[in-house]
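Next come two complexes built around chain A: one with chain B, the other with chain C.
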Partner chain A sequence: MAQLELIHISKSFNEMTAVQDFNLAVEAGEFISFLGPSGCGKTTTLRMVAGFEIPTSGVIQLDGMDLTPLPPNRRNMGMVFQSYALFPNMTAAQNVGYGLRVAGKPRVEIEQRVIEMLDLIQMHDFAERYPNQLSGGQQQRLALARALAIKPRVLLLDEPLSALDAKIRLELRQEIRRIQRQLGITTIYVTHDQEEALSLSDRIVIMRRGVIEQVGTPQQIYNFPASDFVAEFVGHINLLPVEVVQADAGVVRLGSQVVRAGQFGHLNGRPVRLAVRPEELKAGSVEGANNLTGMIESVTYLGAIVRIRVDVDGQLVSLDMFNERSLEIPVVGQPFHVNFPVEACWLTNGVKN
Partner chain B sequence: MKKKNNPWAIFWAVLAMLYFFVPMLGTFIFSLRMKRGVLSFLAYQSVLSDANFLRSFRYSATMGVVTVIVSVVLLLPSVYWIYIKAPKMKPVMEIISILPFVIPVIVLVFGLIRTFGRPPFQLTLSSFGTDVLIAAGYVIISMPYMYRAIDVGMRSMDVRTLTEAAQNLGSNWFQVLTLVILPNLRIAILSGALICFATVMGELILGDFLVRPALGSYMAGVGRSKAYEPAALAIISYGLTWLCLGLIQYFSRGRSQQQLTGR
Partner chain C sequence: MIAGQNKRIHGKGQAGWKTWIGLLPFFLFITFFLVMPSLTLFSGAFQDAEGRFTLANFSFLENTFALKSYLTSIWVSLTTSLIGGIFGFFVAYATTSSRAPRWMSNILSTFSGLAANFGGVPLAFAFIATLGRTGFITALLKGVCFNGADGAAICPFNPYDHGFNLYSAAGLILAYTYFQFPLMVLTITPALEGLKKEWSEASANLGSNSAQYWRYVALPVLLPSLLGATILLFGNAFGAYATAQALTGGSIYLVTIMIGQQIRGDVLGNPNEGYALAFGMVIIMSLTIVLYILLQRKTARWLKL
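What follows is the complex of A and B.
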């Protein structure tokens, strides 16, 4: 049985619906990310799990027990906030020990646990520092240790890395995953950063306007997006208007060039678009694959990747090439051939699959 | 900031200082002239040995402490509650908090006497009842200062998130207030308390009309009947106020290390 279950959760603030009919079962030890643009309801959902917001309807269960009526201080969930929220009047050690102190645990036990936690985040040398004497990354690690010190049943992270700079963010991301694996703690991670979600999660919940768009593993989300929104929100994608030539075989026309799609549903009257990720496209022509010919419109050199946009009969098609030292960067205005396998693309008519 | 000081700025600064300090200096010198022909601290001796002075000083100091405690107990949870649960009430609270500036104390004191001096309260019948009334009056008069101080303190930290963090770790409301919010507001509350205290020590009208031995009333009485002692008293009360200000400065600077925000 799932450890944490959100059953038909809805939340409205006055007239506005923030979350609508949210259903999710989280297995013990699982790392789940809520991913979506701002205002999609991901933080509200997390706050309902923590007990800071009360669902307008629905039930939240932990190990089969209804959590909904419990106040936040009796839910035993560890939460990490975007703004760290360390207590400025307490040292690092006191911050970590706070949860045990208010629980009335004996002094020896608190001290022991604090040492254990500071070791876990490799900050034992900073025990006597105050939060303002620590860097942002150290503060957030401390906040993580503080949340874990109470041995929470679920760890909740609300955009914990958003306030940090890129390099620290990457380091801390790996550290969070390491600690989560080491402790095997069920974790919900809220983020608007797709890279974080893809790299950390066992499963990702994509949300939009308070509704779940898709739940799946990072690979499922990326390779088999359930909607155009998911496809566009996670990673880059070409969504090219096409004309249907043969609906039952998935044959379409892009401008004057014929393309065969690997995956297509029932194509009713709505306009159809061809979806393909830029990294699936290769330069040159290959027999048996979809081949397109066009003119290079722009070239963007991004270091590891070179992003090329090709004008194919008036449609701009993006393709990503990996950088190599020997790579000859194509020149704008030149004719250019691209190919992609039939299985790499699919047809969409904007209706959720 | 390397710009040379504007001579006009210095001129006005000196003028303002003269305006402020010359009368004080005059008062001080005058207070030393009780004994004809020599400068002495006789007036101070006379004041400090007056049993009435000590009595009223003690009374006002006690009232000051009571006022501070009641103000904190009353305002801290209220302001906190507004920050957490009813941020929309903030403008209303701001207006309420400056009412004591707008309504003259004389109106307040008559209102208090008329309302609470009559049945069913009849608080003015006993000295304890009157003390309750006067303390309540002081709390109202000093509310703007205390409210501002607490408000500024709360503004400098992320009250809501700190509260949520504390709750999340298992604290109840009382623990949140006493272990997290209050310690981080210590300096704000301390400075509010000192202003409160100074206000009560110098307050005249409440003590006068409720006929309690407040320091303000005593000073006014002495001013009517004596010549040199009031000057000495004025200097003493100045000194007291300045001491309070100095303490505020000291505490808000010396401990700034710990006055951190949760951000």
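What follows is the complex of A and C.
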């Protein structure tokens, strides 16, 4: 049985529906990310789990027990906020021990747990510092330790890294995953950063306008997006308008060039697009693969990769090449051949697969 | 290298000089309206009418009447700063809480801005016109019946027959509270707005109830502001003169009223004794501020780091 279940959860604020018929079962020890653009309802859903928002309808169960009527202070959920929300009048140690203090735990037990938690986040030397004496990254690690100190049943993280700079974000991301694995704690992580979600999660919930678009492992989400929205939101993708040549074989025409898709559903007469990730495209022509010929429209050097946009009969096709010292960067305006495997692309008509 | 350094130092000096010149109006104001009056007051306190040094002006220290006026002033100031402070705090909290509509806090801040500065003779007159012996509300109450302690109806109800007297210390406290509470609203509202919603949520998330949140987080965070605001209220009431004079006609002996009597220059007046009394007020305010600084250091350690 799942540890945490959200069953037909909906939430409306006056006339506006923030979350609609949200269903999710989270296994014990699982790391789940809610990913979506601003206003998609991911934070509202997390806040309903924490008890800060009451669902308009639906039930939230933890180990089979209905949590919905319980106030936040009786749910035993550890939450980490985007703005850290550390108590400014307390030292790092007092912040970490706060949950145990209000629970009336003995002083010795609090001290032991505080040491344990500060060791876990490698901030033992900062115990007597106040939050305003710590960097953003240190404050967020402290907020994590404070949330974990009460031994919560579920850890909730609300965009915890979005206020930090890129380097710290990367370090802290790895640290969060290490601690989560070490403690084996069930975790829900809200983010709008697809890279964070892909690198951290066991499963990702993609949300849009209060509705779940897709639930799956990072690989499933990236390689087999359930909708155009998911395909476009997670990673880069070429979505190229094509004309159907042979519906039952997935053969389409891109400009004057014919391509075969590896995956295609019922082509119901709507405009059809060919979907293929830029990294699936290779330079040159290969027999048996889909081959396209065009003119180089732009070349963008991104360090590890070089992104090339090729004009194929009026359609711009992006291709990512891995950078290496011996790579000859193509020149804009040159004719260019690209190929990609049949199974790397699919046809979409904008309707959920 | 050395020339460059000199140039930099010279340049810095110029920038500093330009910065200071911007503060000139402030320094002029402080000199003419704070430093010079204070020096006059301090020197006058130790001089007789002929300008000779004397300690005789402090003979009021042996006079129980004068000492009592200090106590009355302190008592009225303390009471009104506490009543106004507590009331103002709750009103400000009610309007800054997320449940209150925005228009309510706008109305309150506008009212507070007006009422906090509505002191002196107009305030005294307003109270006399409403709660005086022939005031509007007193007249209305006289037309109303109330049930007494024994259940018998009291008609008409004249508050002056039941212990209320606007022209007493209690009346003074009532009038002072009128400008004290809005001043508290004005000074504490920014601090209340600075309380982050996430703190209460984080606290609840960690298992605390509302009382624990206020005890361990909200009040300690607000304490430096609360202390500062209370001191301001105390000083505001301690130095008030016109309201008390106009309301009670000088029948309640506050230090400020005694100083007024000494300085106004009637036959019994002695301005130098007035200066000495004012000097005593400065000492009391200074001691209060020292106490505030000590408390502030203890309660706001986390702010200063």
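One rule holds for everything that comes next: the second predicted complex is superposed on the first by the 353 of 353 C-alpha atoms of A that agree within 3 Å, B and C clash if a C-alpha of one lies under 4 Å from a C-alpha of the other, contacts with A are read in each partner's own complex, and residues count from 1 in each chain.
Following the convention adopted for this analysis, contacts are C-beta pairs under 8 Å (C-beta built on N, C-alpha and C of every residue); 3 or more make two chains touch, one makes a residue touch a chain.
None of the values given here were measured: they were computed from a predicted structure.
Aligning the two structures on chain A places chain B and chain C in clashing positions. Applying the stated contact rule after C-alpha superposition, one finds that A:A103 touches each of chain B and chain C. In the superposed pair of complexes, A:F224 makes contact with neither chain B nor chain C. When the two structures are aligned on the shared chain, A:P71 is found in touch with chain B and with chain C. Comparing the two complexes, residues 50-52, 71-74, 76-79, 81, 83, 85-89, 98-99, 102-103, 130, 132, 146-147, 150 of chain A contact chain B in one case and chain C in the other. The part of chain C that touches chain A in the complex is made up of residues 196, 198-199, 201-209, 212, 216-217, 220-221, 301-303, 305. Residues 157-158, 161-162, 164-172, 175, 179-180, 183-184, 186, 257-263 of chain B touch chain A in their complex. Considering their complex, residues 50-52, 71-74, 76-79, 81, 83-89, 98-99, 102-103, 130-132, 143, 146-147, 150 of chain A touch chain B. Within the complex formed with chain C, the residues of chain A that make contact are 50-52, 71-79, 81, 83, 85-90, 98-99, 101-103, 130, 132-133, 146-147, 150.
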